[in-house]
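You will see chain A twice below: alongside chain B first, and alongside chain C after that.
And now, the complex of A and B:
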């Protein structure tokens, strides 16, 4: 090998190294681009929306005048819908996960349920809205209200809750179940007192992620027929006289924060942009807070893993 | 003895009852699918009673709300496909590059920070992305491309692409990380650089997994509603030009749901027909993604 070859190889290696640096730099750039979009999005929302944001904005009803409009019925509606969603999706989702992980025999029906779950998880959300319109509103005649909206979102997030709860249950070692059985516990007792509590944080994370998804979901609510101009609150669930609890709020026409925001975004009047931005700010803050809670929980769980 | 026996019997009965209750919960998901298919198919059948299938497939106009009604689904499909193509043109290079970088080059510290941050892109409510597309990206694009209409598929597609970046990057990275280390070692031992190894060995080995991730992202983009409903306009128009405004399958559904359309009429049924088309489209994509993933998993076991 003479000197010329050496130089040639050296140059080749140098070029190779340079190419690699360019590639890595481009990779980092792509990553930064994604982050930058997030930052721009938040900055834009803050710039447009923060001047509008205040206690008045949270405590006022919608109005034809942009400066006077608020999101009181919207966030109360979102909260009420979330209560229905959680009350439906949590027992159904955790129950289904427990059945599939702990009871289900390996047969055709189980395989069918599994395939079906993957399929549901990939279904566009608006299709759930159409289903709810056809079944809840037209077939059952439940009306377009808080109850149907909550049920629709519950069915939408069901696959998320089931999948994460199953993963959590799978991490619980069999020795725990065997120990419970050895002490004379029935399968249900072992589950209720040991397996499910042990998988608790993981199950909770899935529930939270599901609810975070539900709170920002707009399309199914619009397909279902959300009202975007509600100037009253649903009736209070607590009454002064017997029986003290009322479920009338379930049948109230509903609006929700994302629906209100959509309405303001699509108005031609630019004054309402600030309202939309402020509503977006509240919405993102809520979604991020809920997601942050899930990330924190997952982190704590990993630190405190017992097996 | 009888006390113990009745206690046992009661306990067994309770166990059986609880098991069937749990099974019922699991069957709810099946019921949801049945309900979706039932609603979409039943309403579509009623629609096809009055509109011929040939017209539905071949007509070049979609005007169910007008006096002179035409029902050519191809119009809505063309907008959905155009928007998805734009989204893919953004998400595929960016997401793919991020995946290769994170899987083959990044230090664990960077990966631990970058992955949750990327997930945040997927956690932003889509309505907020829609707002962003209309209020920020569209003005920016109109500055770059003079004459661009205020509502256009390009802006919606770009923002949609950003939204699906985490789907592409996260699943592709998982696929690349599943490629056995021995392959990389063998490649490097032959004198290949890390870049050559990444592009020439790891990416081809993980190709089926990466393709599965991309197909899933496409399915997500097709079903995305709020971004197009806000930023892409509402005029049904046949064509594949992203700089035009056009109604997609999803934004048409929103448009009708918001308007005062006579329920039970044929115009109203078109919503369910569009929904059925959308479901079939995404279902095909999801199945394709699943098949590709299975192929990748089988290949990586070997």
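And now, the complex of A and C:
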């Protein structure tokens, strides 16, 4: 190798290193821009909303006087809708994923279903709202209430849950299934005791992503007819007399946090913007709480998984 | 069994518990115009506080047209309306066996607004018509086309969307036919957006309800409107509205109560409370109350449940 080649390679190396630095800088800039926007928005929300936030704000009913208004019916409504959504979407979604991944034959129909699921996961939420309005409200006559809202959001997140749950099931090594079969387990036993628990953390992640999306949805709820002014709570699910559990709350009219926020931002009185910011803060906190619960559960499940 | 398996089993069982019985509760459902919403919301708030939430009142916003659609399907008890019921809506309601009481509850005016640094002080109904009629679309694009002495500035128009009663009333009063309007303007159901848009642009012109104007008088300025028959231009002040001078842009706001619903104690109590306190509530919402006698009469007649349905158009 003569000296000329050395210099040549040296230059090449230098150029590639420079390119590397430029790329890292560009990437860092993108990250900083994204984070800055997020931090600015969050800080602005906190600055506007935090002075309003307190026990009173969480425990009061909405009012036309900004300083007296609270979000009790809104967060209770959001929570109730989430309970219905989770109770419907999780078993349906996980069930469908398990069937598609573990039992269903690979043919044209399952391929079609697969394509449609991926498409549905990217569908604008208003489409689900209008569909639910046509089917649940007008066709089935279920009314505009917590039940229909929960079912609608369940449909909305169902594809997300199915797709991620299938991914999770796919990552479970076949050796685990074969080991279970070798010990004489039926497919159902293998699934129940080994495959699904092993995929548990991944499935849970999908569920949480779905729920976190559902809790912030406004458009389908407005299409369905979440009303703007609700200053009462749905019936309690627990009763003093037999049978102690009541499902009357499912048919109650409701409002939800995003709907309440939307209503407040359209008011002429600027004081309500502080209320909207405070409500946004609570919504973010609820979404974070859901995520936190998920991380904790996932952690526990991972510890349990021994194989 | 592990926690996750137990969790999985629990979740599988949950949907079996879902169907609940749809029990009847003392519930009053109101929906409709966003213009009437502040009054009804105030009534609902005070009423529920007074009754310690033993009666539930929900108030929605879906526009006068949207409200009547729900009303005529029998979904709601009361509709907030910023214009009288149309013949077609009344027909549809009757076809579904829904009769109603018409209760005028307030006066409202539509303010025609410009930015503070716009030199224009008044405008005639004829000019408004030339700006807003469907034929103006794509043609009347500059202030100069409206008359001598006006600058050659692009005309930026702002108005409410087509589901709002304000839109219907304005087009009927100015163009002469409800819903006949040019389409190339910034339309929004959110009046705040209209205020912001007009305030920021010296060549903008917009229209919306008086209440929004009064709350934002520091940001936009209302034009005095010359009636079509000639005479002085009139400013949309509460006094001019009450005296019926600000024409043709003064309108009545209504609630329509389903007759069958009015037989329910909860609905009757709510409407009675509404009429009893209407003057204060309307005033607080920045609209113009009707005479105290009017409310007293209306209340007495509603109590006797003898108000004739659909007694006609605006004043």
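In this text, the second predicted complex is superposed on the first by the 262 of 307 C-alpha atoms of A that agree within 3 Å, B and C clash if a C-alpha of one lies under 4 Å from a C-alpha of the other, contacts with A are read in each partner's own complex, and residues count from 1 in each chain.
Assume a residue touches a chain if its C-beta (ideal position, glycine included) is under 8 Å from a C-beta of that chain, and two chains touch if they have at least 3 such contacts.
As the structure is a prediction and not an experimental result, all values here were calculated from the model.
**Student:** After the chain A overlay, clash or fit between chain B and chain C?
**Tutor:** clash
**Student:** Give one of first, second, both or neither to describe whether A:90 is in contact with chain B, with chain C, with both, or with none.
**Tutor:** second
**Student:** Considering only touches as defined above, state whether A:291 meets chain B (first), chain C (second), both or neither.
**Tutor:** first
**Student:** Going by the contact rule set out at the top, does A:127 touch chain B (first), chain C (second), both, or neither?
**Tutor:** Once the two structures are laid over each other on A, A:127 reaches chain B alone.
**Student:** Touch test for A:266: chain B only (first), chain C only (second), both, or neither?
**Tutor:** A:266: touches chain B and chain C.
**Student:** Between chain B (first) and chain C (second), which does A:225 come into contact with in this model arrangement: first, second, both, or neither?
**Tutor:** Touch partners of A:225: chain B and chain C.
**Student:** Using the superposition on chain A described above, determine whether A:45 touches chain B (first), chain C (second), both, or neither.
**Tutor:** first
**Student:** Any idea whether chain B or chain C touches more of chain A?
**Tutor:** Of the two chains, more chain A residues are contacted by B.
**Student:** What is the contact status of A:196 with respect to chain B (first) and chain C (second): first, second, both, or neither?
**Tutor:** second
**Student:** What stretch of chain B clashes with chain C when the complexes are fitted on chain A: 203-211, 257-265, 275-283 or 293-301?
**Tutor:** 257-265
**Student:** Following superposition on chain A, which residues of chain A contact chain B and also contact chain C?
**Tutor:** In chain A, residues 91-92, 95, 225, 265-266 are touched by chain B and also by chain C.
**Student:** Please give the residue numbers of chain A that touch chain B in the complex, ascending.
**Tutor:** My answer: residues 16-17, 19-20, 23-24, 26-28, 30-31, 33-35, 37-38, 40-41, 44-45, 48, 91-93, 95-96, 98-100, 103-104, 112-113, 116-120, 122-131, 133-135, 155, 158-159, 162, 186-188, 212, 215-219, 222-225, 258, 261-262, 265-266, 273, 276-277, 280, 283-284, 287-288, 291, 295.
**Student:** Give every residue of chain A touching chain C within the complex, in rising order.
**Tutor:** Residue list for chain A touching chain C: 61-64, 84, 87-88, 90-92, 94-95, 143-144, 147, 192-193, 196-197, 200, 225, 227-232, 235, 245-253, 263, 265-269, 300-301, 304.
**Student:** Which part of chain C faces chain A closely enough to touch in the complex?
**Tutor:** Residues 2-5, 8, 11-12, 14-15, 17-23, 25, 27, 29, 31, 37-38, 41-42, 44-45, 48, 53, 56-62, 75, 190-192, 195, 211-212, 215-216, 284 of chain C touch chain A in their complex.
**Student:** Mind pulling up the chain B residues that touch chain A in the complex?
**Tutor:** 11, 14-15, 18-19, 21-30, 32-33, 35-36, 38-40, 42-43, 93-95, 97-98, 100-102, 105-106, 114, 116-118, 120-121, 123-132, 134-136, 162, 165, 193-196, 216, 219-220, 222-226, 229-230, 250, 253-254, 257-258, 271-272, 275, 278-279, 282-283, 285-286, 289-290
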